[in-house]
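Naming follows writing order (A, B, C and D), and every chain is counted from residue 1.
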Amino acid sequence: MAAEPTKTAGGDYTLAELMVAAAAREIADGEVVFVGMRLPLLGFLVAKSLHAPEAVGVYELGIIRESLASEPILTMGDLPNLRRSHWLADTADMMALLGRGDVDVSFIGGAQVDRFGNLNTTLIGRPDRIETRLPGSGGACDLACLARRHIIIMAHRKHRFVDRVDYITSPGYGDGGDWRRRVGLARGGPSAVITTLGVLRFEPDTREMVLASVHPGATPETIRDNTGWALRSASDPRTTPPPTAGELAMIRRFDPHQYWTR
Amino acid sequence: MAAEPTKTAGGDYTLAELMVAAAAREIADGEVVFVGMRLPLLGFLVAKSLHAPEAVGVYELGIIRESLASEPILTMGDLPNLRRSHWLADTADMMALLGRGDVDVSFIGGAQVDRFGNLNTTLIGRPDRIETRLPGSGGACDLACLARRHIIIMAHRKHRFVDRVDYITSPGYGDGGDWRRRVGLARGGPSAVITTLGVLRFEPDTREMVLASVHPGATPETIRDNTGWALRSASDPRTTPPPTAGELAMIRRFDPHQYWTR
Amino acid sequence: MPKEKRLSLPDAIERFIPDNSRIVMGASLESVIPFAAGHEIMRQGRRDLTLVGPISDILFDQIIGAGCVRKVQAAWVGNVITGSGYNFRRAVESGRLETEDHTNLTVSLALRAAAMGVPFLPTRTALGSDLFRTNPGLKTTTCPFTGDRLTAVAAIQPDVAVLHVQRSDVYGHAHAWGNLGISREACLAAHNIILTAEEIVDPDVITSDPNRVVVPGFRVGAVVHAPWGAHPSPVPGHYNRDHQAFLDYREASKTPKDFTEWKAKWVDGVGSPEDYAELLGRERMAQLAIKEHDYSEPVDYGC
Amino acid sequence: MPKEKRLSLPDAIERFIPDNSRIVMGASLESVIPFAAGHEIMRQGRRDLTLVGPISDILFDQIIGAGCVRKVQAAWVGNVITGSGYNFRRAVESGRLETEDHTNLTVSLALRAAAMGVPFLPTRTALGSDLFRTNPGLKTTTCPFTGDRLTAVAAIQPDVAVLHVQRSDVYGHAHAWGNLGISREACLAAHNIILTAEEIVDPDVITSDPNRVVVPGFRVGAVVHAPWGAHPSPVPGHYNRDHQAFLDYREASKTPKDFTEWKAKWVDGVGSPEDYAELLGRERMAQLAIKEHDYSEPVDYGC
């Protein structure tokens, strides 16, 4: 479930490109990254080709890459992503890396997110009265439970940023505080939420989502209006730095037809 | 732990050859056989080349063979046993076949066996006062627990055929009756014990070992004298049929230097 | 040698997939998805199937749309490139389809449990999630050593695994390469295996490289020659992913009427691999075919 | 690209295997046993090691004989072709060595549990056996779904896995083929991996066939060029099993005095692969070498 960034954020780049750049900056060099689809996939490719050349990409299909694919790819199963990779193995082995704590960071999206970063990609309504059925977890729940941290990327709309998700597909911080430890999750949790309007992070104690930076063109007010609970801000939210020329060049190299970043 | 057959049983064959032939006859065509080492390995090769051409060999190292190796092998890890095999995989996958109930028959040996077919290959004495340390289970316990049936092959001596083994490495029928079901073993158990003196089987209800056939040259009395409990006989124990010319030819083809069958 | 197992696709489906079967398909997640076999299931109008898989891309959506399915045990059902699976949505929202919600990890563990012959396997995923509310095959349990709270995943035992592979001999010995997903678990867990293969090859090709085998050959029930049998998903060594087909399918599945038309053309009207090739057209096939070969360095199994 | 990881054997052992380490070796059961690495551990006089493995053939017996080992967690320790491991027997019978008795299946599950990050895995093996009396890592447990009685196997987390492979690049990307045993679990479970390799090859050789890789390369700490590094065990593509060496070792290990002599010649006196080759002799090496090559059919990863 990717975001649906359709408008440009002003300047010479699209909103999706801004989000990809923001995602890329969350990856540090040498980290093991569980790479998802769409914008996060692009974010990984950009990070890897710029500031994180030794990042390792792990794909749940059963692929490990320490180098970039030689051609642009649309999905992680595209053959150029398999060719000349560093390990083609079983999903179970990729999940073992995740389960053991070897994966530093992963990216997931959702249809709904709540103030504690819980994500819903399963159903709108109630299990016994489903209004909208969504595709489900895929590997998202595994990443949210087992990676050392995860980044959420999604469109910022009021009906998506809700006080409490209808269904927890991928656990964030539950109802806050030490909830993860209490339910048995040994590590992890969301470290950032990159939206179509800004970047949000989580307070260390309460684990509540707070506004950290505002995309160019958006304001703290717009963001609060599009959030379904009384969103708090960091004392002085920054402006999200726009993509650099280098980042834009890479994004356009990896998404030459702007399939994901129009 | 193989038997230690050193004397000939009369006739043109060795005792070990008689035991290999007896082992081979326990394998029916089309069966999936978890192949061990030494005499059982030979038994499988003989069966496969004579009456059980569609038997499938599974080796715990991670090998499946539906055909014979092109050259004689001494251990299951010898390269001719790997070459042109039908699957080289993980031990876990071989063990999965075993765990799921796909393995019809397996063979194991031991230092001690008792009246209910429990085998000891771990230690003589007590865990807190070990007199003799033996190599341990290897895969034997797994085979005894999970195969549909298993065959025991060992030397028939009084100190080895004991009323109660010092340590159960590979469960037989425990203390008899429905013990296996009670401890949680869903299937299996020993179906025959091929010794240097005869072949023994298990009573359907009590699961106690009884004499089924006597090797040429041995007598029920010798066998009882070499057994550490009051061994009962089938009403009329047969004589173990000697190896046929065809069986002998195959045994000598697969063990050309009589490494295992001298 | 074992018996020959080569069958036509209709015969293989007819013989090994009766109504009410539980089938695992799409085990490699995005690649080598057995579309040809799935379409034959639709043509034969099978009923009350249970589909098991991690993510199936659009194959599960199609079989659900054809009315063959009673229950899905999967991590994700949709269209990888566009999101929603419309037939799946309609079937669930109208109450016609039962779902048991898994993750990629829990579905792999459920199959691995069946493969190992144990009734469950533990994991730390899904703790705190609502998957426990919509999947009776998930419970919490406690580690007997550490006291840790864990998720217990119940075994899923499929009747049949359908796997598309690059090459197989007529006995069911096959080579598969690329990203394997949960293929190994799927085949070890299932009672029976149907292989659809791009190529039927001499047994010597397979035995030249026994590490390349993924499937216990003696458990294979049918081997079907199915060139382009995984289109529009990619098959390493044969063809690339046909992205356009997934985009087209999104449009073609938005309404039941559109789907019926799509199915009439791409499924009901196809009687053979040749029919399918004609429908695809030479130009499109040439465009999808491997253009730049890149062969593996050989290894030596001599002695 | 990642950092180069090539080290000499002494440096690799010095750096990654301190006293008190828990090491998994001999993961392929009878093949590709890392004898050269084990001998370097003996030469460096490491102390209080814990050895983990399924069956190790004679390698564990040798390292135990050198006094390096405090504990063994294994399914079997001995000499595959002759039975008893005399150093192992002496060490256990005199109370110097602690043992935790496993089966091949339980040791593979203990490592798989650590690999998955769960504290235990369930199985139906060992039920009713006395292994529960001599292995605190085995307990009985109950399935939360079926109520079945099961064996729970506690995770074993090795510090280092030592794996001998046919070929590796200097970054730790390696190809292994043959019977793999529990190599995959061992490498996924261990914090660090030392690879000893018959050949150091160009990275392109490895990336030409990513399905042939068994090890997460980014977790490899050291790559050591070690031709004949698994002798006397067999290495597909390189040399056959040296049965005579195993028979000789039986005689050479019957008394501590005999073992000391054997060790002086075959371990202490060996400073390099060249020394070892000279000791073996050209004739014996020629006899063991692969005579009839048998190469795998290539596969295409192109696009």
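Assorted remarks:
Everything that follows uses one rule, which is that contacts are C-beta pairs under 8 Å (C-beta built on N, C-alpha and C of every residue); 3 or more make two chains touch, one makes a residue touch a chain.
Everything numeric here is computed off the predicted structure, so don't read it as measured data.
The chain with its Cα centre farthest from the Cα centre of chain C is B. Of the two chain pairs examined here, A-D and A-C, it is A-C that is joined by more C-beta pairs in contact.
Here the CA centre of chain B is 40 Å from the CA centre of chain C. Rounded to whole angstrom units, the spacing between the C-alpha centres of chain B and chain D is 27.
Counting partner chains per residue, chain A has residues 63, 78-79, 82-84, 88-89, 95, 98-99, 146, 186 touching two or more of them.
Those residues of chain C in touch with two or more other chains are numbered 112, 116-118, 123-124, 140, 148, 150, 177-178, 180, 184, 208, 211, 236, 240, 290, 294, 301-303.
The touch graph of the protein chains shown belongs to none of the named shapes. In summary, the structure contains touching chain pairs A-C, A-D, B-C, B-D, C-D. Residues 32, 53-54, 56, 63-64, 66-67, 71, 78-80, 82-89, 93, 95-102, 146, 186 of chain B are the ones that touch chain C when the two sit in their complex. Chain contact summary for the complex, chain C toward chain A: residues 28-31, 54-55, 74-78, 80-81, 83-85, 88-89, 92-93, 99, 101-105, 108, 112, 123-131, 133-134, 140, 148-150, 177-185, 233-234, 236, 240-241, 243, 290, 294. Residues 1-3, 112, 114-118, 171, 173, 184, 188-189, 206-208, 210-211, 213, 215-219, 301-303 of chain C touch chain B in their complex. The touching residues of chain D, when paired with chain C in their complex, are 116-124, 137, 139-141, 143-146, 148, 150, 152, 154, 166, 175, 177-178, 180, 205, 208-209, 211-212, 236-237, 240, 290-303.
Considering their complex, residues 1-2, 37, 59-63, 74-79, 82-84, 88-92, 95, 98-99, 122, 127, 130-142, 145-146, 167-171, 174, 179-180, 183-186 of chain B touch chain D.
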